[in-house]
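The next block holds one structure in the form of structure tokens; read it before the comments.
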Amino acid sequence: MYSLTVRDSIMIAHSFKGDVFGPAQALHGATFVVEMTLRRPEIDADGLVADIGLASRLLKAVLAPLNYANLDDLPEFAGINTTTEFLAGEIHRRISAALRAGELGIPATTFPSLRVRLRESPVAWADYDAPPA
Amino acid sequence: MYSLTVRDSIMIAHSFKGDVFGPAQALHGATFVVEMTLRRPEIDADGLVADIGLASRLLKAVLAPLNYANLDDLPEFAGINTTTEFLAGEIHRRISAALRAGELGIPATTFPSLRVRLRESPVAWADYDAPPA
Amino acid sequence: MYSLTVRDSIMIAHSFKGDVFGPAQALHGATFVVEMTLRRPEIDADGLVADIGLASRLLKAVLAPLNYANLDDLPEFAGINTTTEFLAGEIHRRISAALRAGELGIPATTFPSLRVRLRESPVAWADYDAPPA
Amino acid sequence: MYSLTVRDSIMIAHSFKGDVFGPAQALHGATFVVEMTLRRPEIDADGLVADIGLASRLLKAVLAPLNYANLDDLPEFAGINTTTEFLAGEIHRRISAALRAGELGIPATTFPSLRVRLRESPVAWADYDAPPA
Amino acid sequence: MYSLTVRDSIMIAHSFKGDVFGPAQALHGATFVVEMTLRRPEIDADGLVADIGLASRLLKAVLAPLNYANLDDLPEFAGINTTTEFLAGEIHRRISAALRAGELGIPATTFPSLRVRLRESPVAWADYDAPPA
Amino acid sequence: MYSLTVRDSIMIAHSFKGDVFGPAQALHGATFVVEMTLRRPEIDADGLVADIGLASRLLKAVLAPLNYANLDDLPEFAGINTTTEFLAGEIHRRISAALRAGELGIPATTFPSLRVRLRESPVAWADYDAPPA
């Protein structure tokens, strides 16, 4: 299996509901370094898993509505704790939708799996790994 | 599959037995950067794989008996080469025991797999990846 | 000249006032990786620039009131853009005050200079470097 | 499953054929940081996945014919785009051949899988992961 | 003294003349991670050393003519070994010219010094540090 | 001012004397990532601060007697706490001696200053910076 990973980052504010979060119940924020990994059994005739320029732009476009945002204000996250894990899953869903919309110029089914990693600090990160179906 | 990773480090002394180890047969030491990755099919109602505070404390507690130790002096390692690979497995067993003892407040079976990575230098590291059974 | 550096991190929310900030005028946030560098012409009789345990606790204590905070809500920052550069200077002032209060157990004048670095992402960081006077 | 990873790097020139490559159609180059991961179900009697010295030398030997080379001039790459993905696969094939030739002193079948990662920049990397068969 | 650093990268081909270069006399290449550090005694009324967006674009614009290039083909480098050290100096000269041309919207003399760092691999890098005069 | 930095690492055991060291009074160890920075006002006719191959070999040769050693057993360190700061200074003295012995093929006075950095973990490091006189 081949894979290609591209990386970008976003800076967001948010707060969490629930005693388990301790001080993170207060409004705070994070720089999330986001890594998108596309897996593909064979490379194409050009030698690629995906066009790295298109892949980087797709990732940046998916992240744009979240970048410089207070996630507590976004209607789609009402009532949701936007934890690092949740956001890894959510960004996975949004990348998957972009892949299914053909934004890489090849079918989403070309990629049997997609991993999204969000690094919140040098000592903590979360992944979501699943088919982009 | 979701995952959460937390990172800590320890500083230990040890020596190895066997010609294969060359100069590492002498008493020397290492800083091991230790990464614990918990995998879970779905996040919980709070949006978590695990409480990151509890997970970080669990890792630190598991590492404490090894930190600032000469592993050659620890009775449980008598006759054993405490290689990076071995220690990845050993720390995996100790984290698994802590998970089974309920130290994250959820059943160990919540996590179908657990990976422990030990980085010994910028150019070498070892993993052990298995169910925390 | 010798130096010792210790590192920690904080997660904050804030917003900026002024067209120069573009999208960062909205409430957003950051993980700041904070590096404190103490410089000293000679090491002490123990071989130290400073007790690394004390130095790490001093840094964590200085950062605590900022961690998990919305900087826009802190009265001391009213009317101020809490940019990465400003915060490097502000944390420098707070560390300097702690050094002058003797929190490392040695006079602040032991250290002719102190550098504070804040990394806001893998591609941007800011420093403030001055005597801790 | 245990794994051991060792890392090295090479500096190469190359160019690509095809409009998809945009400016990378011109002769340019890259520093590739190469990570070789050997997986093995159990460690051996010495506590090892593989002799780390032998593994590091095997990787360096495999990379030597590519290091400081213009890949466009190497006959084995005639008519091929030596993309990061392709090179991950090619280096995998060459490491696999070395393993099958017994260069680690143990059968290649000891390792059910082998992953080769090439980092081309801080924001992009590619893997090839397969049995070394 | 305050400073702000922004980072980008380029991928180039080149070769060196002189026995001292050994195998690097052959046409090869590099990914250079380029860090531009602007120093300034005081931050401005907005709390900035420089507008980070402008600074990042200035760096990218300065690097553009070098990115995806064979430096051996650029007329301005005829007869010159484009070593990492030389390129740190050359990029410093080009950034300085851009600063003097007012591309950050403030006088170049605002910055008493400018450092350019080029990382050629995880184990080697070079700096040039001087006033942008 | 130009500079060139090369990096290597060593794995050592040691212990410290003095209550200030707490648990580090026990025999433990460290991986030290060692960075040697040579500064030089102008590059030479080849475009170099120093021959990077020679510089890397000089660093490795200086580190060799410390690598895989228990520093407590080395006679030159009898009665000394081999702290990270001390070792930065000690390695600086040994590199300086090698420079004065002409091991880079140019006079030590070519380099007005030399910095040695030792990273003991991702969160702590020490420097010694002085002329190699």
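In order of appearance the chains are A, B, C, D, E and F, and numbering begins at 1 in each one.
By our rule, contacts are C-beta pairs under 8 Å (C-beta built on N, C-alpha and C of every residue); 3 or more make two chains touch, one makes a residue touch a chain.
In this text the structure is predicted, and so the values were computed from the model without any measurement.
> Moving only from a chain to one it touches, give the least number of moves from subunit D to subunit E.
Minimum number of steps from subunit D to subunit E: 1.
> Count the residue numbers both subunit A and subunit D use at their shared interface, divide by all numbers used there, and answer same if that is over half, different if under half.
Mostly different residues.
> Going through D-E, E-F or B-F one by one, find the pair whose contacts repeat those of A-B for over half of the pairs by residue number.
E-F
> Looking at B-D and B-F, which pair shares more C-beta contacts?
If we tally the contacting C-beta pairs, B-F comes out ahead.
> Could you tell me the distance, in whole angstrom, between the mean C-alpha positions of subunit A and subunit F?
41
> Centre to centre, by mean C-alpha position, how many angstrom separate subunit A and subunit C?
One centre to the other, that is 30 Å.
> Can you work out the whole-Å distance between the CA centroids of subunit C and subunit E?
One centre to the other, that is 27 Å.
> Subunit C: which residues touch two or more other chains?
Counting only residues that touch two or more other chains, subunit C contributes 7, 122-123.
> Okay, in this complex, where on subunit E does subunit D touch?
Result: residues 7, 9, 11-14, 23-24, 26-33, 67-70, 73, 120-123 of subunit E touch subunit D.
> Which residues of subunit B touch subunit A once you look at their complex with the stated criterion?
1-8, 43, 46-49, 51-53, 56
> Where on subunit F is subunit C touching in the complex?
Those in contact with subunit C are residues 16, 18, 20-22, 80-86, 88-89, 122-130.
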